[in-house]
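Look for subunit A in each of the two complexes below; its partner is subunit B in the first and subunit C in the second.
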Partner chain A sequence: MEMGPILRAMRRNKVRFGLIVTEVALTLAIVANCVAMIRDARAAMVRVSGFDDENLVNVRSTPFEKAFKEDGYLDNALDADLRSLRSMPGVRAATNTRFLPWQGGGSSTEMRPAGTKGEMLRTQIYNGDEGTLDALGVGLAEGRNFTREEVDRDTVRLRELGRNAREMGPDGLPREKFLQEVIITRAYGRLAFGDNPLLGQQLEDSDGDLYRVVGVIDHFYNPYGWPIHEYAVFFPNRARGYEFGSPFLIRTEPGQALAVAKAVEERLLAVNNGRNLRVQTMDEIKAQYFGPQRLVSTLMSTVTVLLVLVTSLGIVGLTSFSVAERTRQIGTRRALGARRRDVLQHFLAENWIVTTLGVAVGVVLAFALNFGLVTVVEGAKLRWPLLAAGVLLLWLAGLLSTLAPALRASRISPALATRNV
Partner chain B sequence: MLLYHLRIAFKSLRRSLGFSAVVVGGIALGIGVASLFATIRHALAKDPIPHKSGVLYNVRLDNWDPAKPHPNKAGIPPQVTFRDMTEIMKTDIPVRQGGMFKANLYVFPEPGSGRPTRTLIRMCFADFFPMFDAPFQYGSGWDRKADQGPEPVIVLGEEMNDKLFGGQNSVGKTVRIEDREFRVVGVLKPWRPSIKFYDITQQQLQAPEQVFMPLGWLRPMQIRTSGNSDGWKSPPQPGFEGVLVSETTWLQMWVELPDEATRQRYLDFLGAYVTEQKKQGRFPRPQRVEVTPLMKLMDEQGVTPPELTAMVVVSLLFLAVCALNLTGLLLAKFLARAPEIGVRRALGASRKHVFLQHVVECELVGVLGGALGILLSLAAVGFANGWVKALFNRGDLIQFDATMAGYALGLSLLAGLVAGVYPAWRVCRIPPAVHLKLQ
Partner chain C sequence: MLTMRDVRKVYRTDLIETHALSDFSLHVRPAEFVAVMGPSGSGKTTFLNVAGLLDTFEGGTYLLDGQDVSRLSDDQMSRIRNQKIGFVFQSFNLIPDLDVFDNVDVPLRYRGLPAAERKDRIERALGLVGLSSRLRHLPSQLSGGQQQRVAIARVLAGDPRLILADEPTGNLDSLMTREILDLLEEINGRGTTIVMVTHSPECAARAHRQIHLLDGKVVDFDAVPTLAREEPLAAAR
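Let's look at the complex of A and B:
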């Protein structure tokens, strides 16, 4: 193929081709960065929590009857609720825990290996009962689950502890240490104890109270305000009170979450109607948590599509103009023996060169823009495969947009050259 | 002259309607996207109380762990303890002041009958209403004397007043909250600041609470916060009193300081207070007190997510591509018109005249595109608001206000100009004679 005429034509129309080069470059830079951001948002959304999210239902019971202010009544009511939930059709497991995944938070504390003077290590911390792991749908990797007796015993012990002032030692910490059995995540265990075996290890908190590891779970991911998404400690206790109510997590048979969520309020009110209930499926909770990300990725996707469209339209316009302007020249070339496919090739090659120049500049621009976004506003980091996909996309878009005008050019009759205008 | 240029420009656009639709549509997309993204960001970034934000200050004291600073970005607890709030409110340096927190309490619709509903209640002081300019429909806030007792008085939001009293003037009526009766002294007008600026520790997009109660009721009713509470040390004694004397921070503390001198005096007062407390073994960290203006606090707390800023940057680049596109298309159009221009130049039209006429045509495209773009972004704002409503239960967060209209109009004029200057310059340099010969 003859490159001479193409290059000469381009040199004579610097501005017009410069426009396309700039447009293609900007488009590649924007599209690559948008897609990087969209992919980041999507990746967060498909991140696996380790729990049986699709089949989880959260129920929060908040009492208003005065009777609930009395511990015995509260405990009995809680037991009755759990019994009713566990025997409900479609329910596989139910637990009373304050842990609720996908809220963007929860509760946290600091601990370190007992007896060391090392740095305190922050972790999420939640109460659990003998059914918590089952309800979340996570299996124990090592050790054992809490027993019902442990939960009952610690509920009473913790209540006692909260009721009376603790006697302080000379170091300003409680004189008598409190010991509890806990189940921890593998990630937190590794943070605290490295590669040592975890079962039987002890942690201490800032009061010097002790936590002995009796169980380890492998999968746990709950996004948190601090980077402790995979760190968690569960301790045996009931979560109940007049002010904060009692939260439940229910794991249903596959596909039954909505049906259970619909029926659960009536069922629990039949057990005791001195309280209000709030029911949400985990899908709803997750949708809320990811709402902003979903909005951002929808808007970004729209922009990406529009941008490629606008740029393609621009190429169509400029090439059409180019063809119209050179009608007589094309006619002349045809009259001098150029075949139709030579003309077609001319325009396609011309465009290919321009697009390639554009994407070359665009790659540099994309990284520059990405650098700005990453440093200034914590945007997503750009990766090569993604950029390569962008380059291919623009090559394709460029080719397709040139095709129609170039075909039109190839159909110009040689006779035109002899006519005046 | 300008009118004449405009008329010619209109004619030119009308002559090739399809082409005009494409160029106007292209710029409309650019303006639509740019103004939509800016409007979304503006909803969070704008000053929620422009006439007062300059004199409203958030108060923070670093009472944190000697071993390490508070884990947030500023390294200082965002709220204060109950004991510190009580002590520092004994000064009268600020014109208005008050700590506050939100609680989740049962409000009974009809005393004795019907199921109660848990309702978010703002526990605050009398100064809250004048300090934050809460607009009253009926009655007014309570007076400072009522903070003391405390007296059983409340102020209702307009929604709660609708729910409990059908929107009637309910001043003087009573409402039961938990196990006590409260007398309504005021009802607010609809109050929807863009963000809940007086408490941005969490859920800033929530509408203001619908019930306001003197904070003094926390003790007799043992009311705990339902917002964040941050601590680093176990309370020295168990139970409710323990929370009140602990180092746990859970109250937002605000002061109104009319000028720099007062601000300085107040800072000195806080410094003296902390020094005094240090003698008693509290405040183990290096002394640090912060009196932060509202807008700076919003910035520091990251009320505007960085993603939104990134989106605004991307949208402006998108508009740049649209403008480049417009340049290319207009260039093609103008140059195709070369013979006609040649004739006009030969008949005496000056270069300047030709240039201006074409710039006007570009600006016309810009403004038409801008107008269409604004319509597009209005539609998209409606869509985005639906999204926000599903998430945060308010459908009025994102508003296309005068600032945004100005932004969109400015951008479309700029886009028209930037896109049009080169084509217009090219076309005005067409020599008169060449095209005459060809004809």
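Let's look at the complex of A and C:
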């Protein structure tokens, strides 16, 4: 193999080969980062939430009847709805909570271990009732669930708290502290309390109100704007109101989500028709949530394929041009003793050098681009195996692109050497 | 060294057949310097292509250095071209992107010689043609005569039994022509067979023997006085 002369000859055609080297380098940098992001998006799409997603149905009841403005009417309607939902065929559990997985958000607050002056730790926070965990399909890892009495009691207490202005102390915080039992995720518990036992620990919020841990759940993943996807605190309360309506989560028997979703509107309107209802299965909600990511993924996949194709065509073009331009030269080489495979090897080696230089520069560019993406837009971190796959892909694309023109070159007759142009 | 008997070469297109060589017979002895002349279209280049195994032929036999080369594979022909034959072309046929050293190195690499031996051969060959100081020059940085000397060095480095020269002075002025012919004579003097295709009677006069072709056959010079005499003269003007 005549690598030395090939390299020296290439140095004398810097622009031509330089353009392809640049093209290969940019392709690798962009393709590797695109694929990293696609993989990241795909990994997020198959991420397990910890809930029984396939069998969840969300119902949002928004009243328009004036009667719903009265607390008692609201409470009775909510109870009636829950009773009706829980007795529906195909329904395993139903709950009244504002927590809705796979929305890409929810509500959050900041807390820290009570009595400490440490950093406030952000967490998702949602109301729940005695049936919330069952409706989500989540088991308690430690402690206990909320009781019906706790939910009723705290619903009233929180309603009172909302109605009356709280008396402030000299520190600017409410004088009287409010204490609630909460169920937290283990990830948030670890964040706040490290490896200490979690049951019985107390958290405090920015008003100094206290939250005592009575239960711990292991698996919780709900994508959020901040990186608090696995942090959550549930507190006992009913979620209902005239303006914001009442949200329900229903867990159906396996495979019954669609059937229940179809039947639930008629069922609830039979209980009370003074409201609008919106029913969605969790599959629909997830599809909405992942829709933009799926689109970006598809676009990136298309860009990736097109880039590799364009680069391959560039290599085909370069090699075809080289063959056409060097027809006489190839004839001379053949006359001087080159076999067909020597000519083939010559072009393959030339291309291999171009591709290798391209991927070498591309590796550096890919990491530089990735550093920028990770720093600026929270892109996916580029990993070596992926980059190695990209290098192999471009090597293979380069080889295949060169093959046809190189084979054509190898068939050039040595008699061309004596043809005077 | 070279014996052709009744060799035929026909070029075919959809419409016509051209008999470039018809029952072509020729014998060239070892260490002979033969000039092949003839008008355009007489079959000189076809003869050179067949003799140099650059092209195949249909019929007849061809013995090169005692070996029947009538039915060789493409690889076998490449090996013989590489080891036994040296080519000197009218347009020099140097690789423009390679410097002088690498140009002379091209056939040696195909022969698979070790680097040290190749270097030794290249330096010796370039020394013989007086271009030792131009190793890293590109062909474009050399005069026509120097380029042809590089091409001759490329031949010398391979130490072939037979040199086929196709109008080796066709692109050179008279001074350079003399230089190249002197060089070819010198090489021939060392025992290398040379077959030179030329239009020029001056060049042909340097050969031991002149062969005239017409319509793809060897003809007696005196038998076709008009054409054979006029054509080379016209070409030499």
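Simple rule for what comes next: the second predicted complex is superposed on the first by the 358 of 421 C-alpha atoms of A that agree within 3 Å, B and C clash if a C-alpha of one lies under 4 Å from a C-alpha of the other, contacts with A are read in each partner's own complex, and residues count from 1 in each chain.
The working rule: a contact is a pair of C-beta atoms (placed from the backbone, for glycine too) under 8 Å apart; a residue touches a chain by one contact, two chains touch by 3 or more.
From a predicted model like this one, the values you see are computed outputs, not experimental measurements.
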Subunit B versus subunit C as contact partner of A:Val264, first or second or both or neither: neither
Touched partner set for A:Cys34, first subunit B, second subunit C, both or neither: first
First, second, both or neither for A:Asn13, with subunit B first and subunit C second: second
Subunit A residues touched - subunit C or subunit B, whichever exceeds: B
Contacts of A:Ala187 with subunit B and subunit C, given as first, second, both or neither: neither
First, second, both or neither for A:Arg340, with subunit B first and subunit C second: second
Which superposed partner A:Gln329 touches (first subunit B, second subunit C, both, neither): second
Which superposed partner A:Pro414 touches (first subunit B, second subunit C, both, neither): second
Contacts of A:Val59 with subunit B and subunit C, given as first, second, both or neither: neither
Subunit B and subunit C contact sites that coincide on subunit A, given as residue numbers: 421
Contact footprint of subunit A on subunit C as seen in their complex: 45, 48-49, 52-55, 74-75, 78-79, 81-83, 87, 89-91, 93, 95-99, 102, 105-107, 109-111, 138, 154, 166-167, 170
Residues of subunit A touching subunit B in the complex: 15-16, 19-20, 22-23, 26-27, 29-30, 33-34, 37, 62, 64, 66, 120, 122, 161-166, 174, 206-207, 226, 243, 276, 288, 291-292, 295-296, 299-300, 303, 306-307, 310-311, 313-314, 317-318, 320-321, 324-325, 369, 372-373, 376-379, 421
Complex interface listing, subunit A residues touching subunit C: 2, 4-5, 8-9, 12-13, 328-329, 332-340, 342, 413-415, 417-418, 420-421
Contact set on subunit B toward subunit A in their complex: 22, 26, 29-30, 33, 36-37, 67-68, 71, 104, 106, 115-118, 179, 224, 232-234, 236-239, 305-307, 309-311, 313-315, 317-318, 320-322, 324-325, 327-329, 331-332, 335-336, 384, 387, 390-391, 422, 426, 438
